[in-house]
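Structures for review follow.
Presented sequentially are two complexes of chain A, the first with chain B as partner and the second with chain C.
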Partner chain A sequence: MRKDSLPEKILTYLAFIILFIFMIIMLVQFDKIERRQINLEMQLKDLEVKIGEIASAPIAYSVAENVEKNPLTPSRKYLHPEVKNFLSDETFKLRIPETQVGGILNRWMPSDPKSFNTIVSNDGTLNAYVGTYVNSEAFATRSYSNPDIWVKGLAERIEITDDFKEYTIYLKKGVKWHRPVVDWQSGRYDWLKGDHELTAKDVKFTVDLIKNPQVECPHLRNYYEDLDYVKIIDDYTVVFRWKKKTYNSLSFTVGFSPIPEFIYGYDEDGKPFEKSVFGLRFNNHWYNMKPIGCGPYEFVSYVQGASLKLKRFEQYYGEKPAINEINYQIFPDQKQNLLKIKSKDLDFGVLYPTDYREEILKGDPSSPFKNGNILNNTYDEMVYTYWGWNMENSIFKDRKVRWAMSHALRLDYMLETIFLNLGQRITGPNYIKSPGYNKDLPLVTFDLDKAAKLLDEAGWRDTDNDGIRDRIHDGKKQNFEFTMLTTSGSPEWSAAQNIYKEDLMKIGVKMNISEVDWAVMQKRIEDKDFDAMGGAWGTPWESDPYQIWHSSQASIPKSSNHISYRNPEVDEVIEELRETFDPEKRAVLYRKFHKLIYDDQPYTFIFTRKRCAVWWNNLHRVTFNIIRPHDDSRPWYFDLKNVSSNVNPN
Partner chain B sequence: MEEKKEYKKISYWTVVWSQFSKNTIALWGLGAIILLLLQAIYVPLIALDVPFYYSIDGKTEYPFLMELFNQNRFENSIDIFFNTFMILSPLFLISFFVMRKMKIAVSKILISLCVVLFAVSFFMSMDSVNTKKMYVNYKEIVASAIKDGRQADALFPVIQYSYREMDSTAQNPQPPSSLHLLGTDAEGRDVFARMLYGTRISMTIGVVAVSIYMLIGIILGAVAGYFGGSADLWISRIIEVVICFPTFFLILTLAAFIEKRTVFHVMILIGIVSWTGVARLVRGEFLRQRGMDYVQAAIALGISRVKIIFSHILPNAMGPILVSATFGVASAILTESSLSFLGLGDTTAPSWGGILNIGRQQGKLWLILAPGFAIFFVVSVFNLVGEAIRDAMDPRLRQ
Partner chain C sequence: MLAYIAKRILWMFPTFFAISLIIFLILNLAPGKPGGTLAGGGEGQEASGSNRESYRIFKSQFNLDKPVLFNTRYALSDREVEKCLRNFANESGKTPMKEVIKAQELLEDYGQYSIPALIRIVNKEDLSSKMMRVTLETLLQNAQRYPINAYAGRLDEKTKQLNDEIDLENNELRSYACSPDASKEVQAEAVSKWNAWYERTKGRFEYSPLQKISIFFCDTRFFKYWENLIKFDFGVSHIDKQPVMGKILSKLQYSLCLSVPSVILAYIISVPLGVFSAVKQNTLFDRACAVVLFMLYSLPSFFVATILLYFFSQGGDYVKIFPTGGFQDPNSEYMTVLQQIADVLWHLVLPLICMTYGSFASLSRYARTGMLDVIRSDYVRTARAKGLSEFTVVVKHAMRNGMIPIITLLGTLLPVIIGGSVIIEYIFGIPGMGQLSITSIYNRDYNMIMGIQLISAILVLIGILISDIMYAIVDPRISFK
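Right, the complex of A and B next:
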């Protein structure tokens, strides 16, 4: 080997150093260019908004028949006083005369939220457990008694144009944000001191965040794609303008919940974030591990994996709930609910199906579940389970085959023995309690002979005598063998699938079961790489079927129409639904949609899930709502005077 | 008497056996292992939902033999393998003893030929020969015939349930009764039958997984120990790297990513992560033996390396390997049970760990105790035997 002389060595090193310096300079330059571009983009967007405001067409408001002569707050000026308030005057009384104020409610929470920031985090746990109490206060919410109407929340009045494109929102005055929970003594957070009121600024701030491509909220941004602009009229009035007339815009405008600008717009020392990196900084905001909002309860403390404490917010703008504090205990194993509720560590818990059977259905008379110390009830969740048949697979293209699959499911038996009647059978995708659910359709019966006949008709016969049906497809022999993809970890579902498998074997269909991790399953579903899959959809009160059933979604990768369902007739109904706002007409369309889906059986619909809740008998007025959140504890109260026992559960 | 003994030719293994047979507990253990093996092979005679014969209106059918090979009834190829073995094992035994009597060198060749033939015919039958048949519920046929008032007769095995037949006549899971000795699980499958079939899974896992890692370990260890130098360096580093992984978690992670897990996947997984111990053992033994005179002599005679490694050194290094294999079987069974318990085993196979897991989820005592005891029993039996072999081979403990 040749040895480099000293000067040569030095030269090489120098070259390297120079190259390195060049690289650094280049990186810095690139960064600057990027920042400038982002700034420019933002300016361009602001301009676009302004242009949109100028160019927007004259707006038609329909005049209400009985014009409110005296608005609620006489001092306020409405832009269109002649328009009827979209929000209902109905109020839900949280307290009844017997209600006693006080007490601490110990509840269960299954897992730690990844973040308490409602924009960044799309976490079911967060919404279900923390949101209701702390940070999901919206302009208006669906009424618990009649989910078709909206009741006032943060807004006292909403005016909507006839074409449902422009919403004028009048915020209530005097809505206070919670005080942040920080180390006040250190002096570092003095800039946060004082009361902060909800204003139109917060609304605009939140919308800007959602529309900011740097912010990690694809789940929300999707829905606000068609939002043209948001304009601040004054401190308490804000206008949402949509580009298109879509039914979605209604619930995403009226049900909009803002986040506080006074804390999320600034870094830990009170300096506003630089505009170009604002979204990035927001994703990892310093206050993300604590919830803040303007809800009935405010945050007290949080210990990861152990507890989350909330206390009543005394400056809450609405009617304050009776229970003083809510103390969430965080543990992932639902089974522990049983032990904790027995030892009174929990006041309210949710039982696992097997525990439900052992303690409530069987249980001996002396157990607290039977002698009236612990009460129980089951309530419907807005979740339906299904087995989906992938129509990209040539086996399931045939409607008769899918019907045969549905007929081979011994559902009543399974529901009774495995799921302990914790579910209600359904025939289609709409929520069973909503007006769009078509009650005329009969439940699919368990009938193996019929299933076999349907398979015969579809051309599946056991020609080679190997016990499995086959047919000639594309010149090749094809056996009726498929794999059902499910997540591992649910003993009930795995039992149900085993039974289904044995029943299918009897009619000459071979089903393999592939139990995979949820992450793997999600990927397989996204790639549409499965024959059949078992899943569940959480449905809102009025779901937009477009996402799951429209054929335009079938060819999009990672879409929710993972079974590639295509039916032009269904498409028409879905498109019509998107532009229909009249509740009556919507119900009719929904029922028609339900019928079409039922006839096609793209899914074998199984049931809506029920949960069994248990609570100690000193907790009163425990009610369950037909929409989410089902177990909202705001109307509940504790009997603090006489802690009774041995009460008849009925 | 004693003078005579001196002239008797005593091989190493005879000494080991005589030492081993002094250990009563170990002998019981060995007996238990043999019994378990026999049970694993002959389960269908004890528990199956197929009658040996059934006659309706004088027309008699014998479905048992054919159903043993019906892949629609026995999903696992392990079951088909054992069933085939069950039919052929008497033949094997006879031929084995006959050939031993004949005391000819040909016997070895013949036996190995037989094994090869058996394996080939088995795998041929798995693929080309169609053994699938329509699923028939014989109990229903017989019951309906009796109900119709026809003359019917059938002889079922003692337990009339297979490991996958679902009894939906009562509310499941049923508690233990005379019909279901250990009750049923949520689907209504007889737990006792599943336990019996579970022996097959456990035994196969133990033997096959250990064979896999023995093979890897012996080859790598022998190469490293015999050749030394850079081969030794590289193989030792590989061993060190692999040994760093927490074995069970590695298996867990890998298992989670296999979508259609079968028992064979589990065997392979256990096999490819646990070979390091054997490799080190073999390497050490080879390093020791390589310097010995007989090896030097063999090298001097110009015998090929492969022959020196496998037919000169390996038999002398076999002792510790055998001991670690016996312990390995126990730990492989335990690993498989843990995997199935965590729901990462073969979901279709009636594995003990799987039954235990169902028991835990259901909170049913009989579903926990039975497989728990079975696992405990098998693992301790293998450990006892392993320990006894180790003691028997240790010259310092020789009595």
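Right, the complex of A and C next:
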């Protein structure tokens, strides 16, 4: 082996050092160039936003106001001019004089949506976080200020015939679909270029999809089963004709949300799908992992498990929200959610009950939650929790027993100590703020004596002095013992059930608790393999009680009437509700239905849930929608001028 | 040596097959089925016929309507089908819901195989009207065929034509449907239509012995899965219908960024520690080192992760230096490449600490024992006797032999590197392989679980092979003859 001489060695080292220094200089130079380029891009983006704002502002307002009154738009011919327009104008303004335009709203999304295609996916994540902003723009929406009123969305006028079977929809003109986000440079997507407008063709296309048996849309198809046909009158006029007069047809026509034909009708190379496999191909459509629609925000980018970015759609036809961009950060851990709110990585968030207790109720006065940097408020969710009694089980067939079960629930105490008042007690299934909620009914009191008396009357007595009530049933002795089925993972509900268990023990009833994984619970509910169960239902503003409460649903596999509730009187009211359109009469019927359910106590109704929302103090006008999604950020705005001095921890 | 490696590689194929069979069986025989959300339940749904249609399409796309291993449905007896029909019709109202649902599923899954039996049953004289209705509905549902090559890929002219024919026939069959409250006469008319159709298509349902054998083995879930696997196609995810392989690759980058530095760091720190402990055996340093490392070893990583986040992250209350989780800044697209690298490194500091400290104890113990084995051997004494410096003796002479066990350990690390860490990824919100596997298990995404498991199985096989080969390379005394 030859040894290098010393000067040679030094020379080699020197060469390396020089090379290294040179590389670093190169890197720094490249970095500078890149920095400059990025700055330019950002400025360009800001300019684009400003141009869009200036160019479309006046138009947006004139569209939002009454088109019929606008002399510039040529008046349209209506098929039934004598019929009153079913839609009203929205009185709630997204922007108030103080509103400042701009800013990026950072929010949390706990899990990835399963698909962004609203037809094939009924994913809660999609509806709550993306739908309202991007792709569930409908003919009309329920008003922000009063959910009983339908206001103009994609349609400017809807005419309904007297028999409520035929709906004529007049679409607004000039509604643009978002531009798809694809790799334009590759040339493969040239067929998608240009602006695409919403027309009657898109509506017909969507209806055909829903009616196509190959398309996986169980959450929609049922509601359109009675739809007879959809007829295109002209590019902007469409007629929906229903076979039957049902109230569901109203909300599913008026609240119909079309999807763009120009992209969903074609495969990735711009060829229309084969007719014989169209539905199946649509289920697996190449654009399903990106949202597209005509809502106020358009899609920018999505990284699975990391982020979803939306920006304001400057060509939006309606009133545009103030905030420029919405960035969702996607991660599953709720502890991280709290930390990210505290570090201002998130501007807005919803706290879990444990965090609510630690930070808001017990928080240290110097914490950002207490010193005014982070504001908070609670809002009602359209969800109620209940314990349901399986009526296939002989124990719970008796109404007196069910009332006894309700009387044995120490609910006020639980609500205060365990649930931190994040809930409001209810007496029945209708949403507490809706007109159908019967306010005359008193809350069920916690009264063990009364419960014991009711059980006595129902024939349950402790004959063998073992502390548990029993009776003779079908010639056999039966102890009052049952199992409550619930999902695992909630310390609050576990605590509540244990209190309930002890209270029941005092009146001689033995309750076992079985906490299982949601998938297992679902299976056991489907099989009706349970005595009692704890659950929650999301309630729409006006629910059709048919699927949960009608007798016909009791014996259908996998139906929502899993406790097999049967009451002919209730059935009658439900059927009448389905054919009544007058709001006053509907409210009366709803209240009657509520009363009947209350008298029967098939569920022990617990409460409607409240959530605690928190946000940094530079976010203003944080109002909550009465209906879902409650934390709709469209009216919110950022104070961009006075950025508070002490808030930024970075 | 080469012969040995060739033999080992050949043996890997049957081993892999056996592994895949076992995983497949465990997955498919476990209670519950994927697509639960499609099958009904939940808000705003009614469980009627058209809902089931969507679920059936889902089942057929993922072959869930086929038997797991062997298919004997070509010889479906009337009795079996009739039993299902009776359970499903539930005339007495006494059949438990569990049986009703099971019967419904089975009837759907029988598909085309049940047609001859259904035709025979529908022609029976003594059917009650409800049974008649259920049988006709099932017939209508099962007689319709699915188009060929329906989910992906190009259709050539021939399949196009075939699909159009199928479509035409399905449309015709749909016109045979009668409403639930149809009268006896209407039903009888429908039956005669069905009989006429069956006469025409009878040949389709009669199987030759060869066909029977091929159905027995090939028309099964396992075969269909392997059919694709041979082409290195792991299928698409049940949840978002994206290719499994693509999803795994996109998640892999995050896990690799975490696990590769973690392994390197662990070796860099623990090997010198172990060597040093061996050289200074039974001194205070050795003992203190052991105590500290084992204390670290016994700290659960989720606990340390949370503590670190509370003390050192910007969302915590004390030293606000590190970011609160995530893989990179949400606005990283406005960063230059250098900034992005720095940003990612900055985000990875805390998770790296959590991933690494646990392996110090075991690795340094391996290094220490390996070293102790050789440090007292004769050749080391000889080296010392030659007058070499202690450093040269330990590093150049002793370490080479002492590190053999440590090097072979590297091979087994391969699957760990790819697998990611569920807990660390969850707490720090890093969208890597760990999170992918846990969510796919929650969602019962069979294809995804199979994909991940099979890939890690392959890696384990390769890892073991590599470590065996390395053994032979570093230690010439070992030979595989």
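Just so it is clear, the second predicted complex is superposed on the first by the 566 of 650 C-alpha atoms of A that agree within 3 Å, B and C clash if a C-alpha of one lies under 4 Å from a C-alpha of the other, contacts with A are read in each partner's own complex, and residues count from 1 in each chain.
Just so we're on the same page, a residue touches a chain if its C-beta (ideal position, glycine included) is under 8 Å from a C-beta of that chain, and two chains touch if they have at least 3 such contacts.
The model shown is predicted, which means the values in this text are computed figures rather than measured ones.
Superposition note: with chain A as the common reference, chain B and chain C can be accommodated side by side.
Once the two complexes are laid over each other on the shared chain, residue contacts for A:H630 go to neither chain B nor chain C. Shared-chain residue A:K340: touches chain C; no touch with chain B. Within the superposed three-chain model, A:S307 lies in touch with chain C and out of touch with chain B [touch as defined at top].
By the document's definition of touching, of the two partners only chain C reaches A:N284; chain B does not. In the superposition on chain A, A:E216 makes contact with chain C only, while chain B stays out of contact range. Of the two partner chains, chain C is the only one that A:S559 touches; chain B does not reach it.
Shared-chain residue A:V520: touches chain B and chain C both.
Of the two partners chain B and chain C, more residues of chain A are touched by C. Of all C-alpha pairs linking chain B and chain C after the chain A fit, the shortest spans 7 Å.
Annotation: chain A residues 520 touch chain B in one complex and chain C in the other. Residues 354-355, 358, 413, 417-418, 462, 464-468, 483, 488-489, 491-492, 494-495, 498-499, 502, 505-506, 508, 510, 512-517, 520, 524 of chain A are the ones touching chain B in the complex. Residues 27, 30-31, 34-35, 38, 41-42, 106, 111-112, 114-115, 122, 213-219, 221-222, 225, 274-277, 279-281, 283-284, 288-289, 301, 303-307, 327, 329-333, 335-336, 338-343, 345, 367, 519-520, 522-523, 525-529, 537-538, 540, 546-547, 553, 555-560, 649-650 of chain A are the ones touching chain C in the complex. By the touch rule above, chain B contacts chain A in their complex via residues 70, 72, 130, 132-135, 137, 164-166, 168, 171-172, 185-187, 189, 256-257, 259-260, 343-344, 347-348, 358, 361-363.
Remark: chain C residues 31-32, 36-48, 50-51, 53-55, 57-58, 61, 90, 93, 96-98, 100-101, 104, 146-147, 149-152, 155, 160, 163-164, 166-167, 236, 239-242, 247, 250-251, 306, 309-310, 313-317, 320, 323-327, 330, 333-339, 426-429, 431, 435-436, 439, 444 touch chain A in the complex.
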